[in-house]
Each structure stands twice: as structure tokens, then as C-alpha cells.
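In what comes next, chain A is part of two complexes: it sits with chain B in the first one and with chain C in the second one.
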Partner chain A sequence: MFWQKLIARIGTTAVTLIGVAVIVFVVIRVVPGNPVAMMLPPGATEADVARLTALYGLDKSIPAQFLIWVQGVLQGDFGTSITTRQPVLDLVLGRLPATLELSIMALVMAVIIGGIAALTGTRLRGTKAEGAIDVANGMALSVPDFLWGLALILLFGVLVPVFHISGRVTPSLDLPFTTGFYLFESLFRLRFDLWADIVSHMLMPALALAIPLAAIIGQLLKQSLKETMHLDYVTLSRTKGYGENHVITREALPNAILPTLTLVGVQFTFLIGGTVIVERLFSYEGLGNMAIDAVINRDLPLIQGIVILFAVIFTAVNLVVDLLYTVLNPRLRHG
Partner chain B sequence: MKLNRRSLLKLSAAGAALSLTGLPAFAAIDELVIAYNVNLPSWDPTVGPSAVNPTIQGIYQSVFDQYILQQPDLSPAPGLLTEWGWNDDRTQVWMTVREGVKWHDGSDFTAEDVAWSLARVANPDTGSPIQFVWGTLKNHRVEGNKVIADVAQFDPTIFKWMYFLTGYVLPKAYYEKVGAEGFEAAPVGTGPYMVEKFERNAYVRLKANEAYWGGAPEFKTVTIKFVTDSAARVAEVESGNAHVTLEMPYEEYDRLKNGPLAGVATPVSDIGMIFLNDIDVMLDPNVRKAAALAIDKQTIIDRLLSGYGVAIDTLQTPEYEAYDASIKVGYDPEKAKELLAASGYSPENPVKFKIQTTKGFKPKDYEMVQAIVGLWRKVGIEAEIEVYEIAKHYELRAADQLAPAAFYNWGNSVGDPTTSTGFAMFGPSPHSVWDGADLIEKIAPLWGEADEAKRIAGWKEVDRYIAENALVIPLLQYVQPILHAPGVKVVPHASGALLPHLMTRG
Partner chain C sequence: MSFLSVKNLTLRLRDNRAPLLRDVSLEVSAGEVHGLVGESGAGKSMIGKAVLGILPRAVEIAGGEIWLDGVDLLTLPPAARRKRVGGLAALIPQDPLTALNPSRRIGPQITDRLVDILGWKRTEAEARALDLLGEVQINDPARVMRQYPHELSGGMRQRILIASAFAAEPKLIVADEPTTALDVTVQKQILRLIAGMQARHGTALLFVTHDLGVVSKVCQSLSVLYAGRILEQSTVRDFFAAPTHPYSAALLGATPKYTDPEGSLTPVPEAIIARLRAEIAAYDEAHHG
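Showing the complex of A and B:
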């Protein structure tokens, strides 16, 4: 049963990706903005326009261009970036680790902050402290991530300059890394000096991404805990003499966490989407930053590559969350 | 964890430890850090979209040399070419190549490199966006330390392009050995700096070329961080993370330049203008002239740009060769009303058209257009604003489908009238907007005019004709704000290129 569901889900994921590829390919070619028009200086002639249009394969019909692109993709060739003149696959895979590390760090921060807020709010329910946590949650939720980023830059970049404002690592450092996962590889190599430098660069963008998500997690988990705390089995554990902390963390939390887990999965995909603006703000060398440049320059092959990769990540995360939910929820696990 | 004094101290210690991981300070500047406003997509300065992006030419000029050096006031000076010119009947060009220059990889720079570089960008197959200029020369050949080429089509500006977009010399032997991909990975030039490390979308770290023919740069290591957000750039320099940055809001510039930072703001070769399309109501000269006369440029500059801008009346700035201070289009709203009245329009019965503009692409672009629309309303012009992306502007302009009025900016770092009035106003060019036959007739003979004085005088006459007939509305010359640490002396370049080799300790 489980495997049937898994295969069916992978099938629908593949169809989704094909749909995304078609839509993206067509949309970016019909929206205004022609890469050749952007690169030609004013003195160029019609012949120059025609020459460069043909050079970049844009003189063919959209279906013909799509077929050529698909043929390339099936052979692992996503085309060549117009602006960087590098293979698209190399570019996006080269930037993917930076974005994944940032997203994972933001997710971990959001879970920790949101979890602590929910547990503390539940423990202190009915007190002024709960009200303060609710107000803080509301504030965190009402400000978008890029504005948090600006506030953090002002606070920890200018007023109390303890963290780096831009980039992923200090340029003067020699990096011994063989993968793009600098944060993890520095730990693996026991290079704590590099790790501290990388964290110092990542903290602000990760926190900017984490704050709104932490508020969502905090609110939902607290609400779930509140409902669970009124269930009979929780009352029973209280009558058995367990303390409130034990009741919340050991009895109520395991059941209350399931809706939050689903939400975290869904929100994680939004968080990755949020990296586009936040990476730009912090000049973080990830996929999002590259995506904005690609759009500005109408670098069609690069836009396609990035969107497809984002789509793969989104569908993969949703797939993993669904499977995890199935595994953790006994009612689903047993069919 | 309980939040008590001890835990707070621990957190502070952790913060302090993180802060010691490499944040630079203003005290002693060993390594110059520049927060740059755009990313560098590609290292080849001669092909692809990056090659014609004016905002990254400063980085290219740090690593590569142009054929001819351009000085901060835009005037040419001997560079890799020490002398240049045409033969008497203008059928050939000749260039004398500097001797004793080395490429960054240690090999000798030769006349072969110059001939190959010129031939390469003249070849349509390379994807050179300026092939229409370089293709006017053919049969490039080397004679000793001279390069000779035949003139396929006489272009009086050909040597000016040698210090303009794509006018860079690349190493023949190295490029042929490593190919385009290898060159991207490890670019080699003859410029004042060598590329030590490059992370796309992040930074480039440059090392001084001690053997540079123009003298070794003062800062031995320069890191250019690509910080595209202006708030983050200001924060970088305000916090001491960077020593120099550029292109920030003028309010921020004013706030910081007399505080912990120093600043320099000078006019650059970039102008704001309104294209008028020869369609609909713009075919009525009274409407065009009224639109031009109703704009109080100086007030707009003072109020919206904090005074940072130079009002202009033609597409030439005072630094350009064909600048003529006697051509004036004043602010005269009463005259504007008269002209409109002659065509049957008034504030109660306004003439209506659309004006397109970008929003945030240039400083206060949208706000300027809003102010202009407000001024127009007072004299009897009702303009509807449409915001578009710059990419859409290019596409619409190429298809000659711009609205009757469209705000745009125009760079011309060589200062020649051909690359300002010429390309912007010559009808047959796919990028011009006004296509009137009268103007085409006036401009056409100037393209191939060999007598330089006559050529410049001709362009001045064209500019006068354009101003008198309001075929375009020039607004202002932009001023580029640069903030820097007090320990750095920055020499601004009128082209807008921020050049680290011109920076010294000061």
C-alpha cells in the first residue's frame, strides 16, 4: 500500500515538473523583455538584431525552441547562460548548496524559536507572559522577511556591528572545500575558524527568513497544544501526578506536533522562495540572488534552469513531508 | 535556559568571538574593500550582454586595458596604443603598439594581440554586440610594432570606440590555448590588477600588477564585493566592512559624507531624458514644445535629487565634444500655455497622452515623471503614467512601439555626438524613437564626415534643430555619489567607472 502510494506520488511529481517546464518556457518567452534587445547598443542595425537572435536560437518558434531544450535536458544539458556564458546546470548546482544551507539554517532557527515560544506560551498560559508571547508572535508575523533583514542589518551590521552584512564567507580566507556545503564541510573538517566566519555571514539572512516562520510555527503549535491539553489522556497523566512540564513535552507535544510538521513542510518551500529577496539583500551567493540577475538580464536559459530546480526542490520537500507524515501518523500508517 | 546575567555574558562572548572573524576596520587600510552596486556576470569584456553593460566597465578596466586609455575627464590618452590615425585617403588605419608590456601570465604583449582582438570582434560569429562598428575595419595585419587595417567603411569614431564598450585587448595566445570557458575561469589581461579569486554573485579579489606599464597601483589587494542592494551597501561602508561604495540615495550620501565618511559627487556621462515618439499628438509641434517648456528642470533637481544633477537642454553634457551652451530650452509655462492654446488645448481641455517610465531603475525616475506630469497639468497637458521594466523599454523601443513620451537614461562615456544624439535620434537606427525624415536628412551626412571640426559643428546644428522643434526632451545629467573611508582618496571618472587603481591612501 505504502509503496503503491509512493510510486503514484512520484508519478504525479513528474507530471508536475513537466507542466512547470512547459509553463515557464512559454511564459518567459511571451512576457516583454528580449535578451537580444537588451544587449544591443543603440547603433546596432536590423542585421545585428537578426544575427544575435539567431546566435542565441531565439529565431525559431517557441515549440521548436522547447523541443531543442527538452532534447538537451534529457542529455543533461540545460543550455548555456546568455550573460555568464557558462553551462546552466553547473551554475545552478554550484549555487544550490548555499541556498540549501541558508534555508536549513533558517528552518532550524524557526523551529527552535517557534517551538520555544509555543511551549513557553503553553506553560505560562493565562498569564501576562503568554500575552507578551502572542504580541511578539503577531509582530514577527506582520513584518515580511526582507524588512526583518533591513532591521537586522541596521542593528547587527551598523549599530552593533558583530555580523557580516554581505556575502557567504570572508574573501581573504583560503577555502579548502570540495563541496559547496561550506557550513557542513567546515564542521566535518574541524575548521571552526571557517565555520564561525560562515555562521557570522549566515546569521542575519537566516534569522530574517526564520522570524516570520517561527511566528507561524509558534502560533500553530501553541494552538495544537492548547487543544491537546484538554484531552482525556492528558488529564489522566496529570492525575497520575506528572508535573506540568512533563505533561506538555512528553504527553501533549507528540500528538500536537503533527499539524505543525505538515505546516513546516509547506512553509519550508515558501522559505526557500523567500531566499530570493533575502539573498539579494545580503548579497548571499545563492540561487535566489542569481535568479534576480537572470530575470533582470532576461537570461532565458538560466531562468528556466533555476525555476526547474526550485520546482524540483518544492515537490521533493512536499513528497518527503507527506511520507514523513504517513510514517509518524499511526492512522495513516496502518491504512 | 534562564536568561540571567551569566547567560547574557555568555551570549555577549559568543557575539564578540563571531565579530572577530574578519570584519575590517577603517584604522589601517591594507586591503581595499569596495562595495560595488552590480554583479559581474562574465569576464569577457568583448562579447555577450556584460560587454555592453556600462556599470561594470570599471571592473573590466581594472583587469584589462583598452586599446586607448581614457582619462577621468573622458579625454583619450596613449594606452596599449601609443599613437593611432588614418592614412591620407582614409582607406587604412594604423596603430602603434606599446612595447615592454606583459600579460598577467608573464607573457609578452604584442601587436599580434591587438590585431587578433580587433579581428575577433569584427567577426560576426563571435557574438560581438558591437560588430557593426568593428566590422568597419578588415584585413588586420601586423608590421613590426604597428597594426594596420583596411577601412571597409569610414567611421570617424572608430578610435573613440577603442576606449568605449568592448574596446579591450585580450591575449591571443592565452585565449586560443584555454578557450572561452578557460578564459572565464582564469581571465588574463594587462591591466593594473590581476584576478586572484572570483566568486560569482559574491566578490572578486584583485592583486596589484606590480609590472603595470602605467605604474603599480597603491593598494596591493582590492576586494570588490557585489552588494546590489543600496541599503546594504551603505551599511557596509558605514559599519567599516567596506571602504568605498557608490550609487546610494542622495539623502544617505548627504547624511554620511560629513559624518564618519567622506564623499565625492561629480557629474557622469549619463543623462535622463524623455523620448518623444512621432505618433498621435506628438506630431503637433505645439504640443511637443509646450511639453518641453513646461518642465522646470532645476527645481526638479533641487527638490527630488537634493541638487545632485545638471540641467541639460540637448543630449550633450558639458563634457561632451558637441556641447553648445548657447542652445537653451527655458522653463516658460506661459509660453507653453500659448502654444497649447494655438492647438486648441487648455488646462480645462487638456491634450492627453501616455508617458512611460521605469520605477527605481534610476534615482527618483518615477518621482521625476510624477513631478513633470504635475507641471504639465498646469499648462494643459494630461499625461497618464505607465510604469514599465527596463527590459520592456528596450523591446518597445526596438519595435518602435513606445508611448508618445517615454522616460529613459542614456550613457555616452566617449562623449561623441554620434553615440548620443546620433544613435538616439537617427530614424533608421532600430533604437531611435523619432523617425522624422527632416532629421534623418540632417544627420545622415554626418556619419561619414571626415573633417572633424565640420562634423562636430554639424552635430551642434542638429542639436539646435532638435531643441527648437522639441523632438526629444533632455532633462538632466546625473551625478554619481561615492562614499569612502577618510583614509582613501578617490578619483572620480566622468564615465562613471569606479577605478581602484586611481585610489590612493589619503
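Showing the complex of A and C:
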């Protein structure tokens, strides 16, 4: 049953990816803006333009271009970036670790902040403190991530400059890393000096991404906790002599967490989308920042590569959430 | 000295102060089975909930005392009270389908109180749980301990909840309509099981039910409630021989008989209800504020 489900999911994923590829391929070719014109210096002749256009295959029809591109992709060749003239796959995979680290850090922060808010709010339900948590939640939710980013830059980069607000790591540092996962590799190599520098760079953009998600997690989890707290098995646990803290965390939480988990999966993909603007804001060298540059330069192969990669990440996250759901809910485990 | 002694207990809703229990007193001796009878909303479940300290948040205790084994629970700080109740008393809940945590295995749901609250060793607690599951006639208890609630039938789950209630060898068990949610064919078995366990362990039982037939089978004494007031308290023998309150007599008369199911189904007469309502209103008037 499990394997059937997995194979079916991989099938639908493939269809989704093809759909995404077609849409992106057509859209970026239909919108105005010519990549070739942007590459050539002013004063280039018509003949120069035509030669370069032919070189990149842009003189062919869109379906023909698509076929050529798909043939390449199936052999692991996503084309060459027009602006940097490097293989798209190398560029994209080079930036992927930075964005993954940022997204995961933001997700962890959101879960911690939102989880604490929900548990505290449930523990203090009916008091003024619960009202205060609800208000804070509402505020966090009604401001988008990039505005939180601006606020954090002003607060911790300008007024009280305690964190780095630009880049991924201090440029003058010597980096011994062999992978792109700086945050994990610095820990692995026990280079805590580098780790501290990287965290100091990541903390603000990650927090900007985390705040709205934390609010959503906090709100939904508190709602399901409060509903669960009325159920009979929670009451029965009280008669055994357990206090409020135990009842909330051991009896209610494992059941209340399921709807939140589904939502986190959906919201995590939004968070990855949010990295595009937040990375730009903090000059963080990730995929999002690269995506904006690619769009500005009309670097068609690079845009295609990035979008496909984002689509792969989105579907992978959803798959992981589905599997986790099965693990956490014993009722789904046995037919 | 009674093991459980409820004195002048008054409960009301927190927001509009509407009374739910009015000056209720009752005594349950060690090993005695006491029935709490009444219509829906009469407040019979509220007595058990007040004793166990699981009243809904909307309900507050406006007055009275609840003495359990010589200590007034209402004078204890919350943590001490929980611990005392957890060691001395237990609950057999109404609906076995919702009273077990769906994401926890059966074993820990029986042993948790013994290990966490009463400080038993885990192996001892597990041995105790296995014994009890055998006593409530569950086949292959070791396997059931590892299962999740959704893998078991309603009757099985109620047996498990009964075993769990007896786990710490409590002196008092509150059974809150323990057969209402079950299939009729299972009801009898469960009733017999509870009565048998009670007799073997010598546990006092506060048996909440709306079924006088059940009371006549398992209880020694009973209280009849109406609108949060106790109308009559007596031994089961005296009650079924000659109820003193007209409402009790009418309740007895409303019990359907197998020999004449249609004709025996008589409602409580309007006149008695009207008189009771007037009495309650007079009581509330006298205790206003």
C-alpha cells in the first residue's frame, strides 16, 4: 500500500514538473525583453544580433526550442547561462545549499516560536496573557516577510548593529568548505568561529521568513490544542493525577499536531518562495537572489533551471509531509 | 466514618451563576456501591466530576466540602489534591471510543499513573497491567498492550478502561454511565464485569446512571436527583419496595417492562414536575446571591 502510494505520487510529480516546464518556457519567451540585446554593447550591428541569436538557438520556434531543451534536460544538461556562460546546473546546484539552509533555519525558528506561543497560550487560556499572545500572533501574521526583513535591518543592523545584515559570510574569512552547506559543514569541522559568523548572517533573514509562519503555526496549533483539551482521554488523564503541563504536552499535543503538520508543509513552500525577496533584501547569495538577477538579465536557460528546481523542492516537501503524517498518525499506518 | 462524604456541595456556572447542584450531601462507605440516578441534566455526573476534580472550566464550586478518606479535598492546594485523588480514586468513563488516547499504545495508558504518579517500577506496573487485563477477560494481554485503541472494539476498550481504573487499587471508583455508549449485548457483560471486579477488590463505587434497572442490579444505596437537588436517598431494597418521593415513584413507574412494553411506558406526571419546579424556585429564592 505504502509503495503503491509512493509510486503514484512520483507519477503525479512528473506530470506537475512537465506542466511547470512548459508554462515557464513559453511565458519567458512571450514576454518582452531580448536577452541578446542586453548582452551586446551599444552600437552592435544587426548582423551581430542575428549571429548571437542563432548561437543560443533563439531563432527557432518555441516548440522546437522546447524540444531541444527537453532533450538536454533528459541527459542532465540544463543549458548554459547566457550571462555567465556557465552550465545552469552547476550555477543552480551551487546556490541551492545556501537557500536550503536559510529555509530550514527559518522553518525551525518558526516551529519553535509558534510552538512555544501555542503551548503557552493553551496553558494560560482564559487569562490576559492568552489575549496578548493572540494579539502578537495577529500582528506577526498581518505583516509580510519582506517588511519584517526591512524592520529587522533597521533594528539590528542600523539602530543596534549586533547582527550582520548583508551576505552569507564575512568575505575576508578563509573558507575551508568543500560543500555549499556552510552552516552544517562549519559545525562538522568544529569551526565554531566560522559557524558563529554564518549564523550571525543568517539569523535576520531567517527570522524575517520565520515570523509570519510562526504566527500561522501558533494560531492553528493553539486552536487544535484547545479543542483537544476537552476530549475524554485528556480528562481521564487528569483523574490519574497529572497536572496541566503533562496533560497538554503528552496527551493533547501528539493529537493536536497533525493538522498543523499539513499546514506547515504547505506554508514551507511559501517560505521558500519568500526567500526570493528576502535574499535580495539581505544580499544573501542564494537561489532567490540568483533568480532575480536571471530575470533582470533575461537569462532564459537560468530562469528555467531555477524554476524547475523550485518545483522539485515544492513537490519533495509535500511528499515528505505526507510520509511524516503517516508516521505520526497510527490510524493511517495499518490499512 | 464514610470513605467519601460530600457535604452541602453547591455548583454553579461561572458566568451567569446559574446553579447546577444545590446543597447536595451524600455518604459512601468503604466498599459500598452507591447509585446516582436522575434525568439528563439533573447533575448526577457533576457530583462525580467534582469529587475527581475534573469539573469543566465554566463550572465553579460555590460551597460545600468533599471529604475523601478523612481529608477535605477542597481545602488542598491543586497539586496535592490531584495526587491524592490519583492515588485513591479512579474514573470509568462513559464513552470507551473517546476515552483512550488514539496516538498512544494501550500499555502505557494503563501503567502511566502507576509509574509517573505513584512511583512504581515500570516492570512491576507492566506485570500489574497484564494481570488486570487477564482479569477483565482480554485474550493475549501482552499483544493488546502493544496495540493502539483503533485496533480494538468498543467492548474491548471499555474492558481496558475498567482494568486501568482498578490499576492503582483505588478505594473509590466513579463509574459515569459506563454502559450507555455500548451495544446492548455488551452492556450486560460489562455491568457484570464491573460488579464482579468491585466485589473482588472491595472498592467503593459511585455509579452514575439513568437506568433504575442497572441500579437494582449493582447498587446497595442510591440518591435520586432532580435539577441539582437530591430528592431521596435510601437503600436499594427500601427504594424498590416503597419509594418515598412521588417523583421517585413516578420514575419507577416509567421503567418499561418486558411483559407490557407499550402500556408500561408512562411519563412522569405533569403535576409532579410542576411541584418540583416550584420547590426548586423557592429554594433558589431562599439562597439568592
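As a convention for this text, the second predicted complex is superposed on the first by the 330 of 335 C-alpha atoms of A that agree within 3 Å, B and C clash if a C-alpha of one lies under 4 Å from a C-alpha of the other, contacts with A are read in each partner's own complex, and residues count from 1 in each chain.
By definition in this document, contacts are C-beta pairs under 8 Å (C-beta built on N, C-alpha and C of every residue); 3 or more make two chains touch, one makes a residue touch a chain.
None of these values were measured; they are calculated from a predicted model.
Q: Do chain B and chain C fit side by side on chain A after the overlay, or clash?
A: Once both complexes are aligned on chain A, chain B and chain C fit side by side.
Q: Does the superposition put A:135 against chain B (first), chain C (second), both, or neither?
A: neither
Q: After the superposition on A, what does A:67 contact: first (chain B), second (chain C), both or neither?
A: neither
Q: Under the stated touch criterion, which partner chain does A:8 make contact with: chain B (first), chain C (second), both, or neither?
A: neither
Q: Should A:33 be classified as contacting the first partner (chain B), the second (chain C), both, or neither?
A: The first partner, chain B, only.
Q: Does chain C touch more residues of chain A than chain B does, or is it the other way round?
A: Here the partner covering more residues of chain A is B.
Q: Check the residue A:239 against both partner chains and state whether it touches chain B (first), chain C (second), both, or neither.
A: A:239: touches chain C, not chain B.
Q: Quote the smallest CA-to-CA distance from chain B to chain C in the superposed model, rounded to whole Å.
A: In this superposition, no C-alpha atom of chain B lies closer than 21 Å to one of chain C.
Q: Under the contact definition given at the top, report the residues of chain A touching chain B in one complex and chain C in the other.
A: none
Q: What does chain A use to touch chain B in their complex?
A: Contact set of chain A toward chain B: 32-35, 37-49, 51-52, 55, 81-86, 91, 95, 150, 153-154, 157-158, 161-168, 170-173, 193, 196-197, 199-200, 203, 280-283, 285-286, 289-290, 292-293, 296-298.
Q: Looking at the complex, which residues from chain B come into contact with chain A?
A: It is residues 15-19, 21-23, 31, 35, 39, 41-42, 44, 47-50, 52, 124, 127, 129-133, 165, 180-181, 184, 197, 199-203, 205, 221, 223, 225-229, 231-232, 235-236, 238-241, 388-389, 391-392, 394-398, 418-419, 422-424, 429-432 of chain B that touch chain A.
Q: What does chain C use to touch chain A in their complex?
A: Per the stated touch rule, the residues are 52-54, 57, 78-79, 82-83, 85-87, 89-91, 93-95, 98-104, 112-113, 116-117, 148, 150-151, 161.
Q: Residues of chain A touching chain C in their complex?
A: Touching chain C: residues 126, 231-233, 235-243, 246, 251, 254-255, 328-331, 334 of chain A.
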